[in-house]
Amino acid sequence: MLAQVSGILLIQHGFLSTFLLSTHSTQYTLFNPEFKVLFNSYYNGIGEQFTRANRGSLSRPSLKEVIEYRTYVDKAVIELLDTDFSEKLKQIVVLGLNHEQQHQELMLMDIKYNFSVNPLFPKYDSVNSLNLNDESYLEPIKYTDFEQAIINIGTNLGTNINTLCDRKFAYDNEQPKHQVLIHPFSFANRLVTNAEYLAFINSGAYSNPQYWLSDGWANIKTNNLSHPLYWHCINDEWFEFTHYGLQPLNLNAPVCHVSYFEASAYANFTNARLPTEFEWEYAAQNYSINDAVQNQFMPSRHRESNSIEQLADACWQWTNSAYLPYPGFKPIEGVAGEYNGKFMTNQMVLRGGCVFTPQNHLRNTYRNFYYPHQAWMCSGIRLARDKV
Amino acid sequence: MLAQVSGILLIQHGFLSTFLLSTHSTQYTLFNPEFKVLFNSYYNGIGEQFTRANRGSLSRPSLKEVIEYRTYVDKAVIELLDTDFSEKLKQIVVLGLNHEQQHQELMLMDIKYNFSVNPLFPKYDSVNSLNLNDESYLEPIKYTDFEQAIINIGTNLGTNINTLCDRKFAYDNEQPKHQVLIHPFSFANRLVTNAEYLAFINSGAYSNPQYWLSDGWANIKTNNLSHPLYWHCINDEWFEFTHYGLQPLNLNAPVCHVSYFEASAYANFTNARLPTEFEWEYAAQNYSINDAVQNQFMPSRHRESNSIEQLADACWQWTNSAYLPYPGFKPIEGVAGEYNGKFMTNQMVLRGGCVFTPQNHLRNTYRNFYYPHQAWMCSGIRLARDKV
Amino acid sequence: MLAQVSGILLIQHGFLSTFLLSTHSTQYTLFNPEFKVLFNSYYNGIGEQFTRANRGSLSRPSLKEVIEYRTYVDKAVIELLDTDFSEKLKQIVVLGLNHEQQHQELMLMDIKYNFSVNPLFPKYDSVNSLNLNDESYLEPIKYTDFEQAIINIGTNLGTNINTLCDRKFAYDNEQPKHQVLIHPFSFANRLVTNAEYLAFINSGAYSNPQYWLSDGWANIKTNNLSHPLYWHCINDEWFEFTHYGLQPLNLNAPVCHVSYFEASAYANFTNARLPTEFEWEYAAQNYSINDAVQNQFMPSRHRESNSIEQLADACWQWTNSAYLPYPGFKPIEGVAGEYNGKFMTNQMVLRGGCVFTPQNHLRNTYRNFYYPHQAWMCSGIRLARDKV
Amino acid sequence: MLAQVSGILLIQHGFLSTFLLSTHSTQYTLFNPEFKVLFNSYYNGIGEQFTRANRGSLSRPSLKEVIEYRTYVDKAVIELLDTDFSEKLKQIVVLGLNHEQQHQELMLMDIKYNFSVNPLFPKYDSVNSLNLNDESYLEPIKYTDFEQAIINIGTNLGTNINTLCDRKFAYDNEQPKHQVLIHPFSFANRLVTNAEYLAFINSGAYSNPQYWLSDGWANIKTNNLSHPLYWHCINDEWFEFTHYGLQPLNLNAPVCHVSYFEASAYANFTNARLPTEFEWEYAAQNYSINDAVQNQFMPSRHRESNSIEQLADACWQWTNSAYLPYPGFKPIEGVAGEYNGKFMTNQMVLRGGCVFTPQNHLRNTYRNFYYPHQAWMCSGIRLARDKV
């Protein structure tokens, strides 16, 4: 675990060391040439890889060495930018910082997963004043209607790292901006709650193939799944493992850490469906995204309003869109081009953001993506319907 | 093998026995109640299943019993329709016949695969007068341009089995007809040939991660793949296993039995891409589909023309579209509703048709689908490009 | 299944074709050179192999071709022996015939297994006059005491194929004859019955780790085992799948098709143990082996006597001896030397014989061997105890 | 890694906490009841287990907590023994201390393995004055002859924990002392060296099935093995990963970290065999065991003498004996009885001791055991021969 956190810290700066310093600084010498292999669990283009499965057994470099390494890289980055503050270099740094923000969220996900398999259920943080177990009445989901329209999807910042603009950033997979024809649909005003998901479980849904995709049914049967990843039923009471240790299940909070298979089955159960990523982006264009509450590691209950809520401040939301290139998609040039495009099979898009996501990492056009069986990210359920 | 063919023959009539006779005939008694379990490798909704993996070890019922069973079911179907020739029953029969046509293609695929792993390379048929090894000059691929448009996709025959019209048929997954906004694109006039694919291999592509999707690279490395499924390199010469046994590779014929991973990597190699299924359907609306040559089990070389060729008479064509529901999709009602919708994850759409497909099973709106690693169906490569 | 039986018939004669005819006949031409690959699932020393896992998908050569092939080989063997009836050739033929006898038993095992996974539970033969469901009283197991002794184990026919004597035969793994010091022990007069094994099950043994070897516990938990391979509990009644189809469990008959793990756990449950292979051979030297009833595919109940019964006419008996070389062991010379020695890890010895074994294939010194998790051979339980 | 070491430290004292304090002290309260689950990766008899595979992801309890826990248990043990210094309790403590010694060796093995998969090849210790790369001449192996004999094997300290004597200790699996008839054999005077094993590799042995057991050949082919676990060939030079980091291969030192499959194949290559565990024990009865050099983590080269050397001061030595119970074997009573007996399948006995083993943990009768594919313990090769 320490190894994994150290590893993530190391890999973050590996990006800057490899794609900025080694490529653009004539002065730069590697802190430790071997670190390159450790860093490279990902990029087939830059040589020998250290497989991810082995990462858990890495106990060196020590945390101390990793911090020294990061200080070393930070210093070299600043020195390089002092002598060459060109657009070109700034853009690589911006890409590197966004990359680092992704790893900040991954670190919180890994810590949660890691602690969750420990029978001691360690706490990452203390609860303080959070009201985790609110039992007040919650209104049923309301749907907002959207008419057929041709809308703009994505953004246009350019896919060449050399033309990324100064203050704005978007990944290549959000580009280019293009038109999409949307059919009439209705969009839920909030996420599905733990109470609602519990009713699904209690209906016997994990024993009833009718709600499930074929691969989803195979997945829950092969792995003996009968509830979301971090739920525990102890003496007939439901608990949820969190960064605050094991907590009684908060019935009004959004269900989180569900797989696409579970989200899709739940939607079938309620005669609804998941939105497409285009429907989601269209809804988000019309309703402001509330900032996530900082330093809190669990999504809060829905605050009643006339708006569409919980777009980015609670859980990522599974969409019914496969992760595929936009029309006209061009990967970032160079080795960093492996970043996004090569994952465009077998994964589904999630939209929004969650309580683990750095706040200024969020935007309407952002496309997150995971395999349909995965649930260790903070993923929830937004419902939609065909409008008839 | 005999077991598998018997099994398919059995399963085909299982559809009629279960969904037509057992449900709508008061007179019908099952030929053998145990056959129900054998038949049910597929429908979670109708009880205990016999797993597909075990099918290879089935040696009973014998071919003789299966033929008796089919005769028995045929007779019962005719008797039922004699007394009740309602729309409702006709529609079930139509669905059953289309189902049976799919299994006819599957049987040819299974026989080919089965013979292919036998070191004796048995022949399913003799070559006769086929010109398998044409070495005449072939023009390079030409691209036809299509402008931005809003087009109709799919068909509108209705998703309720009770409202299927008499002479027309389409599966639920092709419905409803709906509008899609298409961006400008160019579409190749023919499929990629064996010669072209061989150049890709000879460039070292199976050792070069840059062309491959991440899951695709993992797939070819894990399984030590270095060429299409049925190719063999013997003493530096290339051969292809076919229904006519092992044959020298016909360089002008379309490459077939490639996975989506291979098709996608090949497209990257040529700076092209695969078409979306909407682009494919739009192109097919504008160019007639030539009938496949019957009783031939290998795709022929491209016939030069000014048209777009090989749409349905050679190989299925991988598209870059994930297999997902159309807006407004409704599964067929009842247990037969498991037919299509539950496979809508992790698979990619193929369009067209191939030399194994019954001729009147083809139509522009038809959506075939397989997992991206699969190649035992007759799948080829149609290229497309963004029009700039 | 047909494929498997054809395969076995083919492989049997493959032995004679490869080790007798191809090596010693100047006239012999191969019936079909490709058959060599099919045959070679076993011998690393004679070239490219066809993996066993793929055998189930072999549908060619057809049964007709296999019979032609066998006739062809038989004829060539007779012609060769007509011209050269030397000891050397006779010995290869003797080895080949013993090899063929082993495959006769394997064929009965494979047919049973194959039919057993078919939900139709086909019958290989009709029961006729067998009394399968005898419920008369059976005396408890009695133990015969043996004192400490130095005994002869194994036989001395020689390990060089050139010195095998004319009418006698033993495999290399039974050789050489050597002395073993035996400690005082007691040996059960009959095999454990289905009724006794059922009491073990009903005690909750499959949920109680205390009786099981560590690998055995993992085996039954991983594979969800809760009873012997061919047992079925249907509406609270126990049945056993047999060559005569599904039959009510015969409580007095010996339990069969148990793994070593099950045999060992059962012995622990009764505070007994399994005998060593040396104890077994010593007991068999002192008590005659009854001939197995021919044309019967299920072991019969114990016939009361003052002797030690069911030594070779019911089930093979797991011993607590790992399959290892005897002191002075020498593999047969040449490629046929791969026959036995290379399996001498991870397997346990079984002694005796069973209802599937050709009668003149049995002898006191015979060493059968299987992996401890396997149960598709006809394996039962003989108990022993330390004599105190 | 830290997690694993913490885990081992935790588990060691778990033994005392569970089998001594919880059972025999009325005062004792658990330091943390949850630790019981962490501790229990092993004993099916004492409740819910934490699977070994998950151990790598344990990051809590922290090292600090583990040390507090150990101090707590140590104190409680001393207090208990102050009030009850009975034979019974002393014996549990003795068993616990021997158990702890085994974990000391395991910790060195785990650290080595863990560091070895790290591409930085971290050093556990600095080399100091060790002469790692001695290239002086080494005499070929000499064999000592032993005649046929009836010898005593094992020891007789009693299998009931209540009758263990005060100062002597032996595990249940070494008991009882019993007679074994040994056939004439010859025993090598030293272990096989790296130079000798290298000649085996250079002969093409890893591509030649003739030397290998069937399971061994499958093992090296499935895992692409071509040399011992910690060897690396870098620019045509051989290195070995050690506790001192990557070091040039010391040609005169004994080959270590070989699997049983490799040891057995090497023996076949030289027309020798591995000794039985009884032959090994007999040889050790006649030649004194030299003390291992302390604080050294690599075996030294053989020192020429007229004796049999390297019995316990270099590497454990694979024997050709499966790990099975001795005649009259009785497991320790109670839950601690799971300690040894339940592993008595599929493993092979190693005899001797190695440079990682605590010195007073060694004795002639000690039986170590591992699966034949394992090599992360310090295992080497002693040759033997039939004496003719």
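Note that the chains take the letters A, B, C and D in the order they are written out, and that residue 1 is the start of every chain.
Convention: contacts are C-beta pairs under 8 Å (C-beta built on N, C-alpha and C of every residue); 3 or more make two chains touch, one makes a residue touch a chain.
Model, not experiment: these values are computed from the prediction.
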Task: Intersection of contact partners for chain B and chain C - done: none
Task: Centre distance in Å when chain C and chain D are each reduced to the mean of their C-alpha atoms - done: 35
TODO: Provide the C-alpha centroid distance between chain A and chain C, rounded to the nearest whole angstrom.
DONE: 57
- [ ] Would you mind pulling out the distance in Å between where the CA atoms of chain A average out and where those of chain D do?
- [x] 46
Task: Sites on chain D at which at least two other chains make contact - done: none
Task: Pairwise chain contacts under the document criterion - done: A-B, A-D, B-C, C-D
Open item on the list: Which stretch or stretches of chain A touch chain D in the complex?
Closed with: 1-3, 32, 34-35, 37-38, 50, 54, 56-61, 114-115, 117-120, 122
- [ ] Could you pull out which chain A residues touch chain B in their complex?
- [x] 44-45, 150, 178-181, 183, 185, 209-210, 212-217, 260-261, 264, 273, 320-322, 324-325, 327-328, 342-346, 348, 372, 386
